[in-house]
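In order of appearance the chains are A, B, C and D, and numbering begins at 1 in each one.
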Amino acid sequence: MKLNCDLGESYGSWTMGLDSQVMPFIDQANIACGFHAGDPDVMQRTLQLARQHSVQIGAHPAYPDLNGFGRRSMQCSHNEIINLIHYQLAALDGMAQCQGASVSYVKPHGALYNDMMSKPAVWQAVLQAIASYHKPLQLMLLADNNRQSYQQQAAALKVELIFEAFADRRYTNDGKLSPRSQHGAVLHGNEVLAQVSQLLNDGSVTTDSGQRLALNADTLCVHGDNPSAIAKVQQIRALLV
Amino acid sequence: MKLNCDLGESYGSWTMGLDSQVMPFIDQANIACGFHAGDPDVMQRTLQLARQHSVQIGAHPAYPDLNGFGRRSMQCSHNEIINLIHYQLAALDGMAQCQGASVSYVKPHGALYNDMMSKPAVWQAVLQAIASYHKPLQLMLLADNNRQSYQQQAAALKVELIFEAFADRRYTNDGKLSPRSQHGAVLHGNEVLAQVSQLLNDGSVTTDSGQRLALNADTLCVHGDNPSAIAKVQQIRALLV
Amino acid sequence: MKLNCDLGESYGSWTMGLDSQVMPFIDQANIACGFHAGDPDVMQRTLQLARQHSVQIGAHPAYPDLNGFGRRSMQCSHNEIINLIHYQLAALDGMAQCQGASVSYVKPHGALYNDMMSKPAVWQAVLQAIASYHKPLQLMLLADNNRQSYQQQAAALKVELIFEAFADRRYTNDGKLSPRSQHGAVLHGNEVLAQVSQLLNDGSVTTDSGQRLALNADTLCVHGDNPSAIAKVQQIRALLV
Amino acid sequence: MKLNCDLGESYGSWTMGLDSQVMPFIDQANIACGFHAGDPDVMQRTLQLARQHSVQIGAHPAYPDLNGFGRRSMQCSHNEIINLIHYQLAALDGMAQCQGASVSYVKPHGALYNDMMSKPAVWQAVLQAIASYHKPLQLMLLADNNRQSYQQQAAALKVELIFEAFADRRYTNDGKLSPRSQHGAVLHGNEVLAQVSQLLNDGSVTTDSGQRLALNADTLCVHGDNPSAIAKVQQIRALLV
């Protein structure tokens, strides 16, 4: 089980995330590519930081919505989605190569991620974007009940998938994240560690209705926004050893 | 002598340039990368068009100024210039590779081009950007009286230069372009063809004060904005055969 | 019956629309405010043109999506919609006042217009934005079968409505525009003039299934994109006299 | 002597400044208008905060450079500067009026402020922008040795000026701010309070070469970026009573 984290989400004079503090404890850095956050300078520094800690580099492309931080769904066409993913991941990959590194996977950000998991047309476009990129890249998505279906479709296009689980989010019975608006949707303190332990030891989570749900994940999404998130990541890392 | 042209300068719903009409007659396409013009969809289509006509692909990066079309000088730092060039050319190069092509040179756009030719610090940053890119790329710049100095500095960083002349611009005695504000700075009709012929046959231009100026150029910058510009390119192409 | 037209949709170096040619023939100019098109310079020139021809000035606010020309629906919250409308219309109104004019109505653009007509939450937010603006403004919307309902809601907030019909679009039986994807959805040539005549003389249109649909409109939306559109506007204007 | 502070410089998901903590202690809020920082939602909240504390509202317009936070000089034309100032201040003023308030002065931001103080063409454009606005507004600028000249030019256009001094910046003998690159250019701790006291009691500062420089200022620029800046503002406020 690996740990992945969204990083490089500062922009110009605005700082977000304690990137240098969380980087030592993660395996995979999902780096913003300039459309929801990140700019060429931020990307250069974040890539450098990932290199220093031998962390895998993932492109974290988004809808073009800086003001909404990529969290607002936008009605983009099939081709628009392919091209905006190619643009963003190519930019990050080329900058990574300037530092002797390279992008190894793609994790869509925010609304693009949610749309990918809920709208078949967006899923098809994202998958096509990865499949038509000029080198093989993995696609990171939510480990839910449709894992097998996702894998069949991806395999048909020769795309390898990485399934992620969320350390700090409650699940519904069908393997989706409980909406944030729902009480208890975000786990705190020991609940997080308990969920991680159950994922590691039993390959399952306990859903919002109390059922056991088998969840086969390759990586855990963690956060590096503030000191308490950093402390949590260190505790989770300790469980993984 | 080759012909190069700025292309892919449409944006979203706005169209600029008769790209499909000029592409058959040029050798090198300077393609906008999204900062002054161009968006992922425009770039994808422009790359496709360049491929169809076996035209060399150049990245045409600019200051981040969509509203000013990259024509307003911006006080960017050394590192900002390097990173914004890397970002833009990486984006274009990755998208080109998705189509089995690749970027072979860089020609800065607008104010970034002018600043490169007039401000040593900007020239150093641009040169450093090309030198530190992860693969060898040529840099296109204005053929003026300082050719030898440019070449020495570029050679020290193992960067190959492409010198361009302008078919339709009058030159000063020191090999700079006469400012557009000056009467006669832009050549029209047969003046253009006469200047091209002189460049081809004598390796020189006649300056705004009537002197002969030796000008050793590898490529001619032409335009594809309107039907009369297209006709002019065809006439220039005929002279090259 | 008045004529309204979307104008001021150029941006920076990109030109769109034959604004100076269509302005003499219309009554109401829907002027872009910088979020989907228009920039401060374009707005200044468009306002000047409207003033010269004594044309009423309308704010034409949009989702913040320059690249998509405001045509892509974006999931904005109630408050985001109110604030983005206030910002855009205040900017245009202040600039209009610098020329001795002022904004008298608001017509949302593109996806924001469509969402207003199809999603009750967006309609509520748009209506609230107009109602909470610091001076009375009219709101322009599509004349469809729900006219009475719209008017009741608007009256409750003391907002006056302007209902518009489309000269060149076929209608469905429930007073919506036939989707552009449908054959015959866009009227051409004499079909346009016939629809205008029927609106003027009979207060109705003939729908895509051949039925007569009563349509009570205050203004007709016309276009000024190209010479043939300009000619059409002149013909429609002649019918109105 | 009043206290002014730059505020409303958050953007989307990025937070900057402790606006709610500094607002109670200042008299004049320079509010970002969306071009270097601020967005319609941030502006709405900042205006609300200013209203609650009965703080005067100033527009803080900038070059269109979100990524550079308006700190990079951009070569804008006379008309571009006028229009971008009109656009930004009109947007803020209209939003302020929706809350029963209004903009009373303009303080250009960052590079636009520096250019106004160092390039006569930019000063002329800014002054013209204020003079041609549709209602009288004051213009805030740096109190330096040219006060009289500024006042004559402003008076000719019927623009009232507000001169500001910096609490925490060392001055040169000609009344300019010592460049930040120079050792001791930024004052700390008691140096700040000493400079404020001298301004209040003697109408002067001690320059970087140790001379007494008479400085007639109407307002002091203070900062609200972090807890120690807030503490400093409170100490300065105490001196003013």
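Please note the rule applied: a residue touches a chain if its C-beta (ideal position, glycine included) is under 8 Å from a C-beta of that chain, and two chains touch if they have at least 3 such contacts.
The shown structure was predicted, so the numbers you read here are calculated from the model rather than taken from an experiment.
Counting steps between touching chains, the shortest path from chain A to chain C takes 1.
Remark: chain A and chain D have CA centroids separated by 41 Å (rounded to whole angstrom).
With touch defined as above, residues shared between interfaces to two or more other chains in chain B number as follows: 67-68, 80.
Taken as a contact graph, the chains are fully connected, with every chain touching every other chain.
Within the complex formed with chain B, the chain D residues making contact are 64-65, 67-68, 72-76, 80, 111. Chain C makes touch with chain B in their complex at residues 10-16, 37, 39, 66-69, 71. Residues of chain B that touch chain A in their complex: 34, 40-41, 43-44, 79-80, 83-84, 86-95, 97-98, 100, 132-135.
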